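Please find one structure pasted underneath; my questions will follow.
Chain nomenclature is as follows: A, B, C and D, assigned in order of appearance, with residue numbering initiated at 1 for each chain independently.
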């Protein structure tokens, strides 16, 4: 089995899904001849041609808008937003139409659309190139939101996203794009949406993370392991809809939890996870659930970004706090 | 003292602030000659003229965009988004610029801008006219978010919003616009941003609400009062930044809390409040904090909207649950 | 540099008067500069590299006079059909207005005065074409096949009014202004990729032309040469905002120049002109020759919606002047001249329309309230676990949306 | 209906050839229809109500030939200034590129080839005017007064590079494409309301014209007749997307027609043409006569940024062809002819530029890292309690952002 980066794994998933289903088309800025600014769509233009891999004019709103129309007509567009920090222009099309056309039309139309977007910090990029705004999308009824953490996960989840009958926001942790390699089967497989993954089992504390935050979280777990503390690391994978059962079961077992995300703290997805733990496992808790997150400030430019992004040390400190509460 | 509706109170605040400060200008769709679709700006056009009360072309994004430029140049624009369900088009200007220009320019520029928008359901309006998306804005660093609950509150908070040196989103509960009258001083007064209001004191349970949800919450408190249960009703007023202290103090006293909001449940502001209670008052809790909210669905059209919106009965049930946990 | 030669349009299409003011950049803001450059001998300082004209089409004037050389070929039967659809549209519209006033309908957006723009354009559509309405297209929608009952159902606050019948390739009403435009372009793109020889038509108002979605949708349509017709009903008002506050351009049609495709301004109260322009544009689209912007110059006779009171912001005289250009009246006059209309025929048409509308009202009012489960049911193709839970708790009536 | 008569532009402005194909709606997609309507005797089925021309301005061609009748009045000293600014811009640009390659700078967006467009336009600005750049305006920004050190500071990932010095009325770099346009319109509006006789200039690329913000910003500028100049550097690429994928319109200048104001296309590698067009437009704006769109036709010689490799998507020949139109070269030739340039002068200019740039690099690299507190400090005018807490916890180093 080949060892692939996440970029290669996503590329492979796209290629295979396009081969399988002629309704799948890829569109966005620079996805064609150039193969995407991160090379995620490399080779697709040469293989499938200009009709199925389309460079568009510069407009995130229209990229999503036309995709909705294509989806209603029977296509399965996979649209790329070049960086998650540019998705705001497309919010109206996402919130007012993509997420709603099924319910508005009482099922007459639906919107099998995937919106891929690289998100998150840590690559020393300019402003707006390091955002993590999953909470805005999770708060929107009618959207599914997915964030893979490894190459294997990315391929399997993207296959499910492409085949899903509803709009799926597929958030790709750009910091992971080439940072890790992993065995990824050439053969078809898929990972169902709506289910977390237990990345490591443990009995002392539950750590919940997704996307690029898995790596520092696993590192923190390993550091704690050296001190004899067992961490159960949950890779959330699907951010909406949430898989409460796995989370709650884990927290009932460990009685302590730390949630790690890059996004600003207030009204981030961490808050929702705490709310659900509060609602379903309050009496099991031995300590307040901790959040290790970005600050309630704008994500800084590269010279300060390392202060903003959660790292293994901060996770370890939080684990210490929940253990010593 | 005159008894005013919220529409009249806001109108009065605008008029007085415009008289006080020539830098204050009002702009938006239909705010001029027509006086606004809810008549909130009625009479301002006649009084201050076309230069200071400006009907704009139909574009929420540009309304916010030009306001940022005006603010940078020294004005204090008060922009209206006709309904909160149309603010999505302006998200990029709000998130990428209004909230950031101060920090991006390291203080060289700032953005004293108020964006008023009627929000929430209950007036039997068409689709997109009943949204409650405060969480999207609260999650955005650099924005303040305010939601008054009564005419008196509206006037005092709007005055503070207009004088604030930073962008303030002023969410007006349209269901309250004409539903209640209250004594509102003609004289100048202001209510500071960032502080909650204890609407009723009580020792058995803390109820947290804002905007239009104050009314059913107060009704529920009254019903519980008949049964001898004391509710401390907190009117959140400023949704961002949050006034943790008042909330935590109350919960420490009552040991039980219910949060009420119209917005969809998942990743709503209720989640953040629970997270903070979890972090700062976990050991005081006698029961999980309850949320009475909209569902994770699109807000239905009028024939079904009463099922969606929290009402006093649902609040009472939630109080019963936290009391009997 | 763009020079605009403005030509004033008077009511009658034959009276076209050329304003003598050739408005150029230089002459407008600095005659001195122009003069001095002339003195230097630079007769034409800049080279013209592109020229554009905007055209106007009117076939049937407000007195019922018709330019037969321009009239689209329509059989007598078809002309009567146009008339009958317009009468049915107006009958439904008036009824909806009344129902709202009686508290039997929610907010309603009247199309009074815009019947020709809607009927003329929708009449040119094939069933296989796709249509994306804005929120003021009751006339176009029923012509496309939507049971009039569903118009009432929608405006009474029932999503089932948006459940377009299978086989009718129309999208439901779009409320956020202009946002249907890129979606329509996307459907046109899909049709083109599939090789389907169909066209897409999307409706929009003058206000919608100010929104980014208009720009982005038309730009995509131009770049990819999509089979889509943008039918703009320029009714000259966007709620209380007049056209002059919406754009400084003299026509909306000229906005097509920005996208490198054709635009035309037609008399939107002239059903022949609208039909002809729409038909030509749709045929062009189906033949693979790209998009067209059609501006139908018309007028919103009524308030913006039943929630509005237009007398606060516009003059009664303006409305009166436009009433005289009534689209149904002028077709009637034309038909009467041609022997296609008489009082008996009219009675029959009016009665049929009334009966259809009354039947629709009865039908709609007899429909039981929607099932509250519908709030959840259509959120996704398959309800996720957490939403199923929310629904079940809600149905059990314990007021607990989650858990 | 819009008819386009296309006029082909060849390198030399004197060779303008009129294409004979008058492209009309009808002729393009249905010759049959046109013919049959002609047979009916309808010579001109639709009435032209508006005509527009798009003009092109070139003064200094690529060989250094200058049309003196068109040349803006500039003293020899001023012409030398233009040259010196262009040389400094290129020197800084080349240095930034090298620094990035050496790992001493973050991603950088080169302006190689666009020096005339930036220097020519910014040179026409008054200090009291306001300027809103996109992200590729190093040349314009230093001319406006930004210390070159700050350009490097910004691209090295330090927000202090965006702290525009007091008194310089410029906004910091805007990354989200096109979003600066409505903001610039707003500043222009404010100036107009204040009665300040200043103008606003905002820079944008060809890619930006596809975004809704372009449309909405220009539309507002038209409606309110704002003192703003939209300076579009059409460098023909938006990362890997060529102009033909960005719009189907033949020029970007013609997009102004949609907004009812003037647009002009100028040779963007001709510093005289850019300066002249910018100066006229700015004067017009300051005099209260509204906005202008200036399209500078130029070329992005380099990769999109240092993170890009343009060889994957465009031909070397295309780049080579444009290198021959180099803006500095042609001014040099002109100046040499006029006796304003010789090798000694050039050495002096080049040395001064190099020294300035080296000093800027030294200065920038000596700046200590920013204070981490800055992450919080500028979020609001006054730090709210919860943010103060986050900051204090962060500074205490207990990794606890809140509580």
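Note that a contact is a pair of C-beta atoms (placed from the backbone, for glycine too) under 8 Å apart; a residue touches a chain by one contact, two chains touch by 3 or more.
All of these numbers come straight from a predicted model, not from anything done at the bench.
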When you check each chain against chain A and chain C, which touch both of them? B, D
Which chain has its C-alpha centroid at the greatest distance from the C-alpha centroid of chain B? D
Between chain C and chain D, what's the gap in Å when you average each chain's C-alpha atoms? 37
For chain A versus chain B, what separation do you get between their C-alpha means, in angstrom? 31
What's the distance between the Cα centroids of chain B and chain D, rounded to whole Å? 40
Residues of chain C that touch two or more other chains: which are they? 159, 176, 210-213, 216, 219, 223, 245-247, 374, 379, 386-387, 402
Where chain A touches two or more other chains at once, by residue number: 56-57, 59, 61-62, 85-86, 88-89, 92, 96, 103-104, 127-128, 141-142, 241-242, 266, 279-280, 291, 295-298
The residues of chain A that touch chain D in their complex are 29-30, 32-35, 37, 55-59, 61-62, 85-86, 88-89, 124-129, 265-266, 291-298, 300-305, 307-308, 313-314, 317-318, 321
Residue numbers on chain D that touch chain A, as the complex places them: 106-107, 135, 155-159, 175-178, 207-208, 210-212, 238-241, 245-247, 307-308, 312-313, 369-370, 372, 374-376, 379, 386-387, 390-391, 394, 398-402
Can you name the residues of chain D that touch chain C in the complex? 1-7, 9, 13, 16, 25-26, 28-30, 33, 37, 40-42, 45-57, 69-70, 210-216, 219, 222-223, 225, 244-251, 253-265, 280, 283-284, 287, 289-290, 292
Touching residues of chain A toward chain B in the complex: what are they? 85-86, 88-89, 91-92, 94-96, 99-100, 103-104, 127-128, 133, 135-136, 138-142, 240-242, 263-264, 266-272, 274-275, 277-280, 282, 285, 287-291, 295-298
Which residues of chain D touch chain B once you look at their complex with the stated criterion? 130, 132, 159-160, 162-164, 166, 171-172, 174, 176, 179, 181-191, 193-194, 212-213, 216-217, 219-220, 223, 374, 377-382, 384-387, 402-403
